[in-house]
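The following pair of complexes shares a single chain, chain A, combined with chain B in the former and chain C in the latter.
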Partner chain A sequence: MHNVVIIGAGPAGLSASLAAAAAGAPVLLIDSNPRLGGQYWRMSADDFQDQHNQHFDLDTGLLLINAVKARKEIEVWSGAQIWSATNKDGKNTLRIIYQGKERIVNTENLILCTGAYDRTLPFPGWDIPGVMTPGGVQSLLKGHGVLAGRRVVVAGSGPFLLPVAAGVIKAGGSVVALLEASKSRRWLTSFFVLLENISKIKEAFYYIKTISEAKVRARFGQAVIAAHAASNGELESVDIAKIDRNFRIKKVQNIKCDVAAIGWGFTADTSLAGSLGCNQLVAKDDGVVVWVDGEQQTSIPGVFAAGEITGIGGSDLSMAEGVIAGISAAKFVGCNVEVLKAHRKRRAKRQRFANALIRAYPIKPGWKSWLKDETIICRCEEVCLSDLKHSINELGATDSRTAKLLTRCGMGLCQGRICGRFVVDLVANELNLSPTDTDRISAVNRPIITPIPLGVLALGE
Partner chain B sequence: MSQFDIEFTFDDNTITASPGQSVGAALLAANLRSLGQTRFNKNKRGVFCGIGVCFDCLVVVDGIANQRACIVEAKSGMKVQTQVGSNA
Partner chain C sequence: MKNPDAIVIGAGVVGACCALALTNAGLKVLIIDRGPVASGTTGAGEGNILVSDKEPSAELTLAIRSRDLWFEIDTDIGGGFELEAKGGVVVSRSAKGISDLKRLSALQKVNGVEVIELDGAGLRKIEPHLSESVDYGVLYPGDAQCQPMLAAAQIIRAVKKRGGSFIQGENVVKINANAGSITGVTTDKNQYASPIIINATGTWAGEIAKLAGSYLPIMPRRGFILVTSPAPKIVHHKVYDADYVANVASSDADLQSAAVVEGTASGTILIGASRERVGFKGDMDISILRQLARQAISLFPVLADIQLLRAYRGFRPYAPDHLPVIGPDKNIAGLWHAAGHEGAGIGLAPATGDLIAAQITGRTPFMDPSAFSPVRFKGGEYVAV
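Here is the complex of A and B:
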């Protein structure tokens, strides 16, 4: 019988696995990717090619991955898709498709390390092939050794744009524009936080060096506000605009490109936690995250969470949280182990850095002025802005849930993972209201964690 | 180097891939950016999120529709097709 079940094998999940195993608890580590490492340390196949130049610190990742593989107390299920998770009478039931069959895992002790994905905002033409998320461009580079296109525009907001631009350059591509929407200089006010997190500054300079050697200059206060297709239906150019403090368009210019990588930070993937019934809350960046206490325990006793799902903060914070979650879960199953003061101090230091990041890259409401009536809002169900407005102004929807039911916005295959977060803002804006936390939390909950073929269920346990 | 020892077809094209590469990555490497067409407007779509979240890069693999090109690993002899709508 497995004592601690850990979901997700990125920085948080790997750290949690090692900490729990070191404390004496057997671990079952379940991950959807074919290889360990998560998004941050996304690995290409072993015999493909060395990907060191696509990473700032691949060695730390390899160290953790090899340590997990070496510990026989840790059983690893890679390429496993969890499609359902329920909590009843203190018992958690996970339904998993693994090696073509359904497996059912019952456990009282779970650590959720399900990570995050790119936060997107809609704009005219964002559904054209060639418009991607920065994470998508990076995963192609790190995991598959493929550059998505020759001429790449990297835009949006947040520090993640830097490694993506640097990665494109290192792979031989050309970054034709690097645009940061924020003009914030709030970094300088957090001097102490910078000083105590010097390794993060080193990481930023590692990327900036590559970018400046390629003679690319980041432009601040600018954004991609529209994309245009050639006659073959694929991306040909984007409109880039100087924007004001509130993201309202000032001056527009057109630029040719093959790929536009546009992202606005990250959205935590709380689907599993929400399905189990863990309490969630709205973070400073308006994203929904899982509530945890100082031991990384969620509102459900025995269910712990670590990494991006408890608040976007990067790999170092994820690792610090993962260690604490691993120790706490091991203690919960009866191991004689305690979280050390040093662990808490390390987490606090990295949390201060994460907080400074969120303050430095605010997403301002003016992005809504970039949209046109015919702009696609829900990519899956092809719902456009005018459909959403119609559901409110003509059909009388007074909240985002009703607007969703009337338009099918967010009811497609991705289950609102892409549009759910900003639809709440669009609906509230049309109603002249501020979104409530309940609006935001209800937009991220979904009954099926990942769609699966029904036939597989017939083969299961 | 064991690069490009996998061969599969995408509609009428023969595509090469390295072991471990996804179908979507191999298609992008071959400069094929449009993978399918949407159900209602028949607009072209390609790889968007790249990590299996958005379900935009749907293709038909060996006759089975709704496969995410970004996460399906390329295998020799695979028959991959453009998915038009829900392929119903």
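Here is the complex of A and C:
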């Protein structure tokens, strides 16, 4: 029997591993974090004290993590970085840096559960130390028990702001402002969707309870539109603005803070899938995701995908997809197993909730009006908006790829993970065009998935 | 633009330089490209402006003039493309390699190239991180570098400011001629009339020649370049192994590679150079990346700890005799070719433009251009690779 190779040990990857192993397929689970659980169930050490504080549902996570550890059919490589993935003649080759050495894994059966990371938007001062993403603040809290600062502004859009605000409060910090850019509470009107996803509502109220007990009131239709540094270069205050339906600034006010956690939902990490040649598509939130069929199979037979990389939808949807992907992959390698109707039903239910959320938290184009010519767009290469405009208006760039090559925007150490997505919007905006799907998909194309030391590359075969 | 004096097909660095030379000679020039500026081989190059890698020949004469023209263009259009007279260092570690390099550099010196022989200590004085295993090399102060995409874009910008125009996103589907003379081009969107067409489409120049009913044997030779994360200044010159010179001149279809290592203005380090004839095959060949990394580390051991960030590939346009094709088509009056510069297109572009403009306007060219004439190819079927 062939191994099923699973990439990523968050909710989707853990569920897929258990489902495939339970069906009789041996599993190799490869993950870049030092510990299982992904970002959602990130923990500070294996012999943890009580970390339930920072989690709504750590029990489920611990259940999955311990089950994966207990199963002999599941081999785990933690702290492993995949730097290259190619597909040739039906065979997938993964090149992995694991325990300081490069390992090559060849497989016909893969499940990609590579998750997502914070979606960022630029604004004046977003490069000041102290301006972070909610995911970054949460990683420090969950992974290291560290509170990034005492007075915290949590802002942006989407339900993820709630657990981050609650986490800060539970860790003893003070949330000086909690701002949701979207005014809409439309999702409250999708009564049926709410009813069938009652656990998600419980989760939301769990956070809201913490937040309201701390006497923090969420303000809707407001956003951080600028950050200011003190003389030591660190964050001192932010400008928060009432914004209209299209995110255009109406009224501005300045507040002091040590940390601003600002995020706009998530961007799926599809680099690995893209490297293999899996078809990608642009989702309703303009993010690039991996196309899958009803069995969670990608456009490459034998390569499956589950979780956030197939569309942002949260941990419950990820687990539902992971189970189906695990069963499908086991079936692909010859196990006698079928995806059950109940599995599909559960996934459909979670999917409806995810769709409702995406509709409820739209990112409107007015954010571009917050920028100034001298606002940094690419932090790695220190490219500012005027450079980008120059490449278009003077040097004749007519697409984001050319603008990128002429300015080095997105060509730095993060490989465009931070700015790549919104640079496509900014370039199109300057050209008075709408970005094409090709623009968006080519912006996430990374043949070298993660930087690799030349010395390690040189030693490989 | 209605009725341009000349149409340049191709917005790479060669097309840009031809357009600039013609514009400066007083012609109204229209540049057409099927893609954005520098979207072909120019956008995949390192920006080499070399006098060190050529045997004494017509090509070396072209290279020496071209190198100086780059600095004139820099002044003429106001820079903006990171032109840097950084100098090249060629090293060799084998007895034969060293004696070949001594012979080559002596010949180059006679032909007007500045060369400075260096021993191990001298080398490490100018390149402190160079491997201890290297104890002979030649410094070529004349070698330079630019950012090729910016160069093409800035030159085209200047052409536009001086009355020319640039149309991108239109694919030339027909070359129009009447009684053996050029009358213009038809693209997938428009038609343009002009008595002069310059074919500066690089690796794809054979296709344009074919559209015109002529023949040009230009083929692709694939190369990969590694790009590292920005690092403190480790490599000060363009440093390469003397094997590179032999590879450039070779006609072998198999993979060849020799370490070419250089720092850029942005702090990244570029590592080349592989050559192979595999047609327009675009897939990432990891074994080549590994070989390039090994060769680079053998020159600069400190690179082992530097991160590889990106790798990209391009297709060098080459003619069977590895010389560029610069001059009038032998069959159709008004059709000019400026292509086939292989890996030297960035370096040779200004002199190419100068030769083209001189011949079109009737000015005496700075050198005898006959070595580059398209007439040197016997006719025959054009075969796409």
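Quick note on the criterion: the second predicted complex is superposed on the first by the 451 of 461 C-alpha atoms of A that agree within 3 Å, B and C clash if a C-alpha of one lies under 4 Å from a C-alpha of the other, contacts with A are read in each partner's own complex, and residues count from 1 in each chain.
One rule holds for everything that comes next: contacts are C-beta pairs under 8 Å (C-beta built on N, C-alpha and C of every residue); 3 or more make two chains touch, one makes a residue touch a chain.
None of the values given here were measured: they were computed from a predicted structure.
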item: First, second, both or neither for A:I128, with chain B first and chain C second; value: first
item: First, second, both or neither for A:G412, with chain B first and chain C second; value: both
item: Which superposed partner A:S157 touches (first chain B, second chain C, both, neither); value: neither
item: Chain B versus chain C as contact partner of A:Q39, first or second or both or neither; value: first
item: Partner chain(s) touched by A:T298 [first = chain B, second = chain C, both, neither]; value: neither
item: Partner chain(s) touched by A:S315 [first = chain B, second = chain C, both, neither]; value: neither
item: Touching partner for A:L454 - first (chain B), second (chain C), both, neither; value: second
item: Contacts of A:S237 with chain B and chain C, given as first, second, both or neither; value: neither
item: Superposition-derived comparison: chain B or chain C, residues of chain A touched; value: B
item: Chain B versus chain C as contact partner of A:S84, first or second or both or neither; value: second
item: Set intersection of chain A contacts, chain C complex versus chain B complex; value: 412-413, 451, 453
item: Residues of chain A touching chain B in the complex; value: 32, 34, 39, 44-49, 117-118, 127-133, 135-140, 143-146, 148-149, 229, 232-235, 269, 379-380, 382, 412-414, 417-418, 451, 453
item: Chain C contact footprint on chain A (complex, rising order); value: 84, 86, 88, 95, 381, 391, 394-399, 401-402, 405-406, 408, 411-413, 415, 447-448, 451-455, 457-458, 460-461
item: Touching residues on chain C, where the partner in the complex is chain A; value: 36-39, 43, 149-150, 153-154, 156-157, 160, 166, 168-169, 226-230, 266, 271, 283-284, 286-287, 289-290, 293-294, 296-297, 303-312
item: Complex interface listing, chain B residues touching chain A; value: 1-3, 18-22, 24-26, 28-29, 33-35, 38-41, 43-56, 58, 64, 66, 70, 73
